[in-house]
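First chain written, first letter: the chains are A, B, C and D, and each begins at residue 1.
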Amino acid sequence: MKETENRDDPLVIGGQAFDSRLLIGTGKYPSDDMIPRIVAASGSRIITVALRRVDFEAATDNVMQHIPDRMQLLPNTSGARNAEEAVRIARLARATGCGNWVKIEAIPDNRHLLPDGYATLRATEILVKEGFVVLPYINADPVVARQLEDAGAAAVMPLAAPIGTNQGLTTREMLRIIIDEIKVPVVVDAGIGKPSQACEAMEMGADACLVNTAIASASDPVAMAGAFAAAIAAGRQAWQAGTGAVRTIAAASSPLTGFLYEGTSDS
Amino acid sequence: MKETENRDDPLVIGGQAFDSRLLIGTGKYPSDDMIPRIVAASGSRIITVALRRVDFEAATDNVMQHIPDRMQLLPNTSGARNAEEAVRIARLARATGCGNWVKIEAIPDNRHLLPDGYATLRATEILVKEGFVVLPYINADPVVARQLEDAGAAAVMPLAAPIGTNQGLTTREMLRIIIDEIKVPVVVDAGIGKPSQACEAMEMGADACLVNTAIASASDPVAMAGAFAAAIAAGRQAWQAGTGAVRTIAAASSPLTGFLYEGTSDS
Amino acid sequence: MKETENRDDPLVIGGQAFDSRLLIGTGKYPSDDMIPRIVAASGSRIITVALRRVDFEAATDNVMQHIPDRMQLLPNTSGARNAEEAVRIARLARATGCGNWVKIEAIPDNRHLLPDGYATLRATEILVKEGFVVLPYINADPVVARQLEDAGAAAVMPLAAPIGTNQGLTTREMLRIIIDEIKVPVVVDAGIGKPSQACEAMEMGADACLVNTAIASASDPVAMAGAFAAAIAAGRQAWQAGTGAVRTIAAASSPLTGFLYEGTSDS
Amino acid sequence: MKETENRDDPLVIGGQAFDSRLLIGTGKYPSDDMIPRIVAASGSRIITVALRRVDFEAATDNVMQHIPDRMQLLPNTSGARNAEEAVRIARLARATGCGNWVKIEAIPDNRHLLPDGYATLRATEILVKEGFVVLPYINADPVVARQLEDAGAAAVMPLAAPIGTNQGLTTREMLRIIIDEIKVPVVVDAGIGKPSQACEAMEMGADACLVNTAIASASDPVAMAGAFAAAIAAGRQAWQAGTGAVRTIAAASSPLTGFLYEGTSDS
């Protein structure tokens, strides 16, 4: 059912259309062997991988061998602390055959792992000119999102909460503004802990969500991947269906006038 | 996919198993003609109808003719202001062929339309003894829920917010206690405005949700019915899959040790 | 300053006027010796005490000896599991010289310690007829609050969250309805964990708050009592001053038209 | 009482100590005549004013004439769209006798009025070198806050919500991180709509709050100024007093063991 719906409503990034709005990661699973089942259960078409995790010489135990060919690879620059490191990792990723997509992560601190907006902007400017399809990971800052869009980013990836926290949409109001203001796809990334939160992001009009920790840290990651896929499809469908207004005063589901027994003697 | 999953995880109320955890209503739709499509899109197996809306003599335009035969009918006592009126409506419903299920609504005020817990309890005690399968609609009060369970209620239906408001899970903490404490199914009813909210209720461990206004007041009610069905299935699946812990400090998706370029001259 | 303000805006319960809107308790302090300082710092005029804690024969270590004479004593029926026990404790309190005020607590379960609304209502009906000034402790149920008001309760005391949890205004939306609908004073009781939460309750229009655990469990209970007093006075003053509207779109504090440098060559 | 407390706990910015943690503005009041009364009721010692509002040649109706001499003036660069404009306004403010404090506002868009973090950083770097006491207004971005601290900012002023919206602490989780990580004073600015929200910010450990719209848009701005002053003092005091832990399970205020009537025949 999901695929049928999405056939008419694809996610388009960098000129390519995808029939899933759930992006997934490769980190934190009990074993990399699980990745193909996560991919299948999630229905995802885009997967991010830290170049650091790729060992191109090792014959075995390379995360890449677990990723199905049909997936769009989204190498990320995890570990980069500034624009220069991010650019270098992106170039290396392309040079070693990982394609020209890149998720920019430029993270100067090791405690809260929050991205540096300006470093991300500079790296984006450089890499866009070199022909990369750039998806920058940012704090939920509408001004930075606008600057990245102007710089040619293929999408923006604002965070919901610090990575790995499962806290949910703590940046809800700024996400709302980004969704309203930005024309390129908005992919909510980091901090989403439960399918209901991804569903809400989609109801707000987000174009997609990237979920890694919440799937990997579930008791049953494969089942959780399926739950996220369904919740994201539901949220997208609800956004299209147009949610009703919120009221402060109750309204009966059935008309209260004309009560069946009104006026009878024993009521 | 939903039905397959539910085949192994049915909702059981009153000894009957249902392969959907979304209960729907019949009120507020632009036209009763829409009901069969709502039923189909929702996958629902239980539908509530106000006896007041049933005109047993009218040859046409009777809401009952729009309800597919396979649906479990759940007549409700909407319009009753106390236990006596609720009991009388329930008996009439059974006498006129609507079966022995009843959702008790005993609502003394016309502004916020909130149920009277004690009147609901008295009506439940009477109707359970008469062989009804009783589903009482209550405020999210764990003490009342317990008393209703002890009185033989087949399920309890605590509200999320005043009916028709689309406010969502305003009673979240009391719902959490009810879910933890009550053995019979907990069906969250009233006030759910968006699929993400129904999804969250299911992630918390609710057994089912009843949704009417949020579907009927959507721009596209049929699509919204489908969105709720998917979100509820997702929430149930997430509950089964076991959500990961919420953290206050970030945790990288990829290990931060062993950065690929650490120590190289130009980093 | 607080007293000056309150002189014109007293809290009136049972025909008596009080120049503080903070009610306090006597439980959980490191030592009963601390109570006089809590009373002083809080500015409170009403204090609740569990009759169980009162040992009328003991010459020493009786909580009563720590309560200043000018305080209005509000004996509570803590430990009562139903209406009969609550009534009996109230009568005993009056017989032993604790006065005719009573806070009814009728709590059937030991885990979540939530009150039984109907038992509370029955006890209230009995005790009002016997001349008590009755302040019933209830879940945040507007229907029960209305029934208690009709039964002659001098105030209603809906909970914010389960007692002792410090969770804050989890019942916010139901409190809002109670405040709108009920004419007798609404005293928000139980679950308030921080002064900001008491402040918010007052901004919503609550008449007073009862705070015990949040003060007693603070690192410095005396300072925390003062903080609650100030926050409650602030919330009351804000409610009187009329809060401004919430907007979804930003509005500059200073006019944005006529920028000083607009049109200059180097801007 | 507030001043006494603050005498031992001053707010220190730029080497100066202030006995109030409420900063106020000059915009949006029904009349500038009201400013002295707002100053008095708020107890504030720091006031921000848009240089655009200052007409140095006009003999009358200049906002400056309404500001008491003892106030620390905090000129802001409202209207600046980038670093260069902000720097120029700051220099002009100093040249025209407004002192060497400056609140940097660099706001590129007219709809949501959100600040540009990098432009703010550049302006800060320039103005710190020129001897200004710089208080930058920023989105709640911990990375930008850290960079500003490193650049010599005297305080950081992260927003709670878009300016003028009265939405409250929508950036709560990022504020929490900023408060934990930043050594210079954190002044929560913009979007605070009610005293309870300012109180909560202080309970979280913020050093001060700046409030303008919420005071100016109240029905009674002078009373609201007093309410904010009391709420901020309460929140500060609560932070010092150490709030108790939040629990998920109830805990009685009085011990439940040893119920007075336990075992008696009629219980």
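As a working rule, a contact is a pair of C-beta atoms (placed from the backbone, for glycine too) under 8 Å apart; a residue touches a chain by one contact, two chains touch by 3 or more.
Protein names from UniProt, one per chain: A, B, C, D = Thiazole synthase.
Because the structure is a prediction, the values reported are computed rather than measured.
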item: Inter-chain centre distance, subunit B versus subunit C - centres from mean C-alpha coordinates, in Å; value: 34
item: Distance between the centres, which are taken as Cα means, of subunit D and subunit B, whole angstrom; value: 44
item: Subunit A and subunit B: spacing of chain centres that average the CA atoms, whole Å; value: 30
item: Junction residues of subunit B - those touching two or more other chains; value: 111-112, 114, 162, 167
item: Pairwise touch network: line, ring, star, complete, or other; value: ring
item: Chains that touch, pairwise; value: A-B, A-D, B-C, C-D
item: Of all residues in subunit B, those that touch subunit A in their complex; value: 1-2, 25-28, 50-53, 76, 78-79, 84-85, 88-89, 92, 110-114, 162-167, 193-197, 199-200, 203, 212-214, 216-221, 223-224, 226-231, 233-235, 237-238, 240-256, 258-261, 266-267
item: Of subunit B, residues touching subunit C in the complex; value: 108-109, 111-112, 114-118, 121, 139, 141-144, 146, 161-162, 167, 170-174, 177, 181
